[in-house]
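Next up: the structures, one after another.
Here chain A shows up in two complexes: once beside chain B, once beside chain C.
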Partner chain A sequence: MRARVEVGSTLWYLLRDRVALFSLAFLILVALAAVFAPLLTPYAAQGMGDPDLAAKFRSPSIEHPFGTDGLGRDQVARLMFGARRSLSMGVFVVVAAIAIGAPLGTIAGYLGGWVDEVLMRITDIFLAFPPLLLAIAIAAALGASYINALAAIAATWWPWYARLARSQTLSLRERAYIEAARSIGVRDRVIIMRHIFPNIMTPIVVQGTLDVGTAILVAAGLSFIGLGTQAPYADWGVMISDGRLFFLSGRWWLSTFPGLAIFFTAMAFNFLGDGVRVAADPRLRRIQS
Partner chain B sequence: MTEPLLRVQGLSMTFSRKSGFFSRVGEELRALNDLSFTINAGETLGIVGESGCGKSTLARCLLRLLTPTAGQIYFAGQDLLALPDETMRRMRQRMQIVLQNPFSSLSPRLNGFQLIAEPLRTHTTMSRKEMMDEVAALLAEVGLPSEFMSRHPHQLSGGQAQRIALARALALNPDFVILDEPTSALDVSVQAQIINLLIRLQKQRALTYLFITHDLGVIQHIGDRIAVMYLGKIVEETSSERIFANPQHPYTQALLSSTPLPDPSRSRQRIILPGTVPSAVDPPSGCSFHPRCAHVMDQCRTLYPAARQTSVGHHVSCHLYENGA
Partner chain C sequence: MFTLKYLLRRLGFSVFVLVGALVLTFFVSHVIPSNPAALYAGARPRPEQVAEIEKKLGLDKPLHQQFYLYVSELLEGNLGESYHSRRSINTDLSIFLPATLELVIAAVLIALLLGIPVGVLAGAWPRSPFDYATRLVAIAGVSVPSFWLALIAQFIFFSQLDLLPLGSRISRDATLFYPVTAQTGFYLIDAAISGNWKAWADALHHLILPALVLAAYPLGITIRMIQTSMLEALSETYITSARAAGLSRRVILFKLALKNAIMPALTVVGLSFAYSITGAFLVETIFSWPGVGKYVTEAVLNVDFPVIIAVTLVVTVVYIFVNLVVDLLQSLLDPRVRLA
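Then we have the complex of A and B:
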């Protein structure tokens, strides 16, 4: 019964999980490549979108390990610069969705009554639409850009966190220590901030980590149909989209490498999220010595 | 006669549960049924009863953690149920509760200092230094060294945790403390220590206690008066000496006979009650105890017996005592 969650021990268990550790290392590597892209590639200008028509459609070689695209841009540089948008999109979507959903769900669950009814019916309205279609509709209505795609995806995502936060709050609200705080006369606002929020963050962070990969996929989907990042900049979705016409004509490298980047990144976030879930829950920990 | 610290009149709490979205009929659970009692300043009223008889609901209603469906609660002359929320919030300084299981009533993430300082942070403008001194003094008062400021609940034994909960309840120097089974989650040896601590604190701080328990043995040491509850009603109420010397209600007699005696050479005739506690959703007609009572009479099945004074300060709700017996 003694719920004990310590950040320190969670981290300790996480770092003992080889799959999670490997995924984390991979993601850090991708993030570093994105941040330091200009220093890591001689083709920084191409990564930012400048064409180099003399070098177009080169197949993978020592010079261009992942080949070049139709405008002669080095694919490694494009991938590294694209990672900035794809990765940040995934992370920001989840952060924005948590920032909107978690407080609403917590308030709904804690106060109950009509507040709960109103907030939960609003989330139901959002959940009634297929998420990808809703995101496409919002992105199309706002106009195609990176920031609008982010807003569109976050708008379809927050209701899930609202529900998660609400269900966690409902079970917490009945705990004796919340009742004790109320009997002391602690204000509702303080009870939510000090007693409820810290205790519901673990499942939310776990879900968030698992969701980053999916958010990257959805963001790539929006970019693929032209509703995300606009030329001359690229993200991984744009790169797959640009390359798709040439795939069957033998220029396989154009879509394959960004596809693999999305695949491995999304998978790494899933493994990491799973690792965090196990590490944060003492009941799931297995002693591996 | 001076006004008692707490006066409860006709307190009822009915939980209703709708059986479905479209159905109008719902089940009603009468957790408290027309309770009236008083507690004078400085005394201890023990509330005794089996689990499910409404003891804890009573505690929550008195603190307005639940809103009763009927009745009045006068605390220090003020009608608590009529107070605006903010006035009630400030009133909570004067009435505190200690719950049964300290491990669930203490937030697992906070340490001893944060736990005990929470009421101080809520109701006073003390500086951190002042709070540290205050918390250290409170810890000393409940018999813990100041190292416990940095301990988290999972690092404490049951008795230590309950002492922290007690220190938290005392932090604002309340007049009235509700003790909701404060010892039932503890080992027997620790129970006695906590009871003695409670008695000492009551003397030092002139506290008024409402002590809720299912264990008559515990209440014997601390209660001035005892009220016995059965299915949301008080069936007998009198001084603690008299309830042990002369229990009158058949339910009280059965309850007393089930309390183990500390002396193994003595034994007492146990009264075994047939059946189980009836559901409060569908209570028996008349006297709610009649299906289990050995002395059941015809009128018990139809009419709830009014509380009657059988001697000074001894009230019983039982048809057996109706003719002045």
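Then we have the complex of A and C:
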């Protein structure tokens, strides 16, 4: 019951935050463009990677608002199909990292003792690597592809959620209602599933929303150096990389638009995440607005 | 004494994560790949090459013996050989690592020198236009893809304004007419030591644009962290009592709140370093900056796996060391850290 009231007031507060709402609307638009790309563009085949050599390197016009690339592919179509990969990658990385990290962190925090010690030392090791670098090594070991890049980034990201879940669990474990449940003999599994997990999800979801933007940036980085999506498909990182060699010789539209797409999308996730963070924390509400 | 106990514990932790990093990179290079030997042999290897590498890495032996081989090679200081160029990775890194560190340190300096004062002021004047502008800049900094920003920066400052060079560490004229004698590998330091001021200015000229681009992300992080901690400090009860006691706004902001808000500044140093390194992996190629980032990017293109693993390990060791120094400095400044 308590949790539901908090979600209600959080949503109410978020609805009053114009920047967060605008960001959400933008992200929904991008997601819709990605999902309905085949219906929205006359160049669906080019969006999926088919060349149209007769139309190569067209500068932006009414027919091709963002121009065409070296294989004559309409950049608007390319961007919409690329959004499928870039957006889904960002979301899936965070979802996978939460799916691994949150349960591990909760168990570590709840059980304490050597389980906690071992799990936390493992997170220490993962966090000893600069971000991205370990993901590059894992992606290179697995071989370059969209799914391997996703796995590589998620594999380096889960420790953050494990730590967050652990610290949240630690603070809940000492609460009277948990102690009461334990003293009347409720099993650990039930306590974790029913009383701890639902209550620690708010901060984890907040962090997750903030992280999707960063995940999109990291994924674009891997794609940019050739460890993500492979031709003929493209995501936004690949498009920047493809356009880079022509960028300074006058074909500015090739890298500019996919870069703006990443930039605006990551920014929208950051604004939205910030909004959710402030809305979910009564203390921050007081300080920040 | 607390400091000694803390020092030993902190050193022990660094050794632990170092060993952990060895295990993890071993796992990534020997256990995850379906055929590690083929990976180490590079693109399209001949069968006898694969067999030779299998023998060298001991891949027919049990894992713990493979790990022993892996670690003993590394302890001898041998990082292996690039598949692609057949050069020793040690030699390559001794040239590339200082180049990257010079760039990264410049970026960290920019991020801190700009980010800390801006964050403090934004936190001190909440809801002012300056606060809103700062938040926008901070979020833009952590949202912009660094490699794209690099291209845009080249377009503006090289193609359009012709103010700054397109890339590389130093101009060809400098290498021909007033070459820098390598000592530390940091061009700015080497040139300064030998009093080669023409080369120094030239190197600085080349450093500005890549360093600014790299600084974008850590700058955003720095501003946000300092601003948040300033806001938090200002909402503490001791500030309220100071206000109630009638202390002036200036004293409250810059004497009381700032002291506590500046504490995370050292944490920000570690983070800035991490993110600048990360950025360097993506940006160096664009600026033809001959550092480890460009080295790794090329290794990825050439499927040069030994290089990727060696760089991962070496850069992580540097990162662990930086974090150690940051933590020790923090414990010197803030007694709460060493008592914890």
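Going forward, the second predicted complex is superposed on the first by the 279 of 289 C-alpha atoms of A that agree within 3 Å, B and C clash if a C-alpha of one lies under 4 Å from a C-alpha of the other, contacts with A are read in each partner's own complex, and residues count from 1 in each chain.
By our rule, a residue touches a chain if its C-beta (ideal position, glycine included) is under 8 Å from a C-beta of that chain, and two chains touch if they have at least 3 such contacts.
Quick caveat: nothing in here was measured; it's all calculated off a predicted structure.
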First (chain B), second (chain C), both or neither touched by A:182: first
Touching partner for A:198 - first (chain B), second (chain C), both, neither: first
Partner chain in contact with A:142 - chain B first, chain C second, else both or neither: second
Contacts of A:252 with chain B and chain C, given as first, second, both or neither: second
Which partner, chain B or chain C, touches more chain A residues: C
Chain B versus chain C as contact partner of A:25, first or second or both or neither: neither
Which superposed partner A:270 touches (first chain B, second chain C, both, neither): second
Contacts of A:132 with chain B and chain C, given as first, second, both or neither: second
Contacting residues of chain A [partner chain B, same complex]: 1-5, 175-177, 179-187, 190, 194-195, 198-199
Chain C contact footprint on chain A (complex, rising order): 121-122, 124-126, 128-134, 136-138, 140-142, 144, 213-214, 217, 220-221, 224-227, 237, 240-241, 244, 247-248, 252, 255-256, 258-259, 262-263, 266-267, 269-271, 274, 286-288
Complex contacts: residues of chain C adjacent to chain A: 13, 16-18, 20-21, 23-25, 28-29, 32-33, 39, 126, 139-140, 142-149, 151-152, 154-155, 158-159, 166, 231-232, 235, 274-275, 277-278, 281-282, 285-286, 296-297, 300-301, 303, 305, 308-309, 311-312, 315-316, 319-320, 323
Of chain B, residues touching chain A in the complex: 60, 63, 65, 89-93, 96-97, 99-101, 103-109, 118-119, 122-123, 152-154, 165, 168
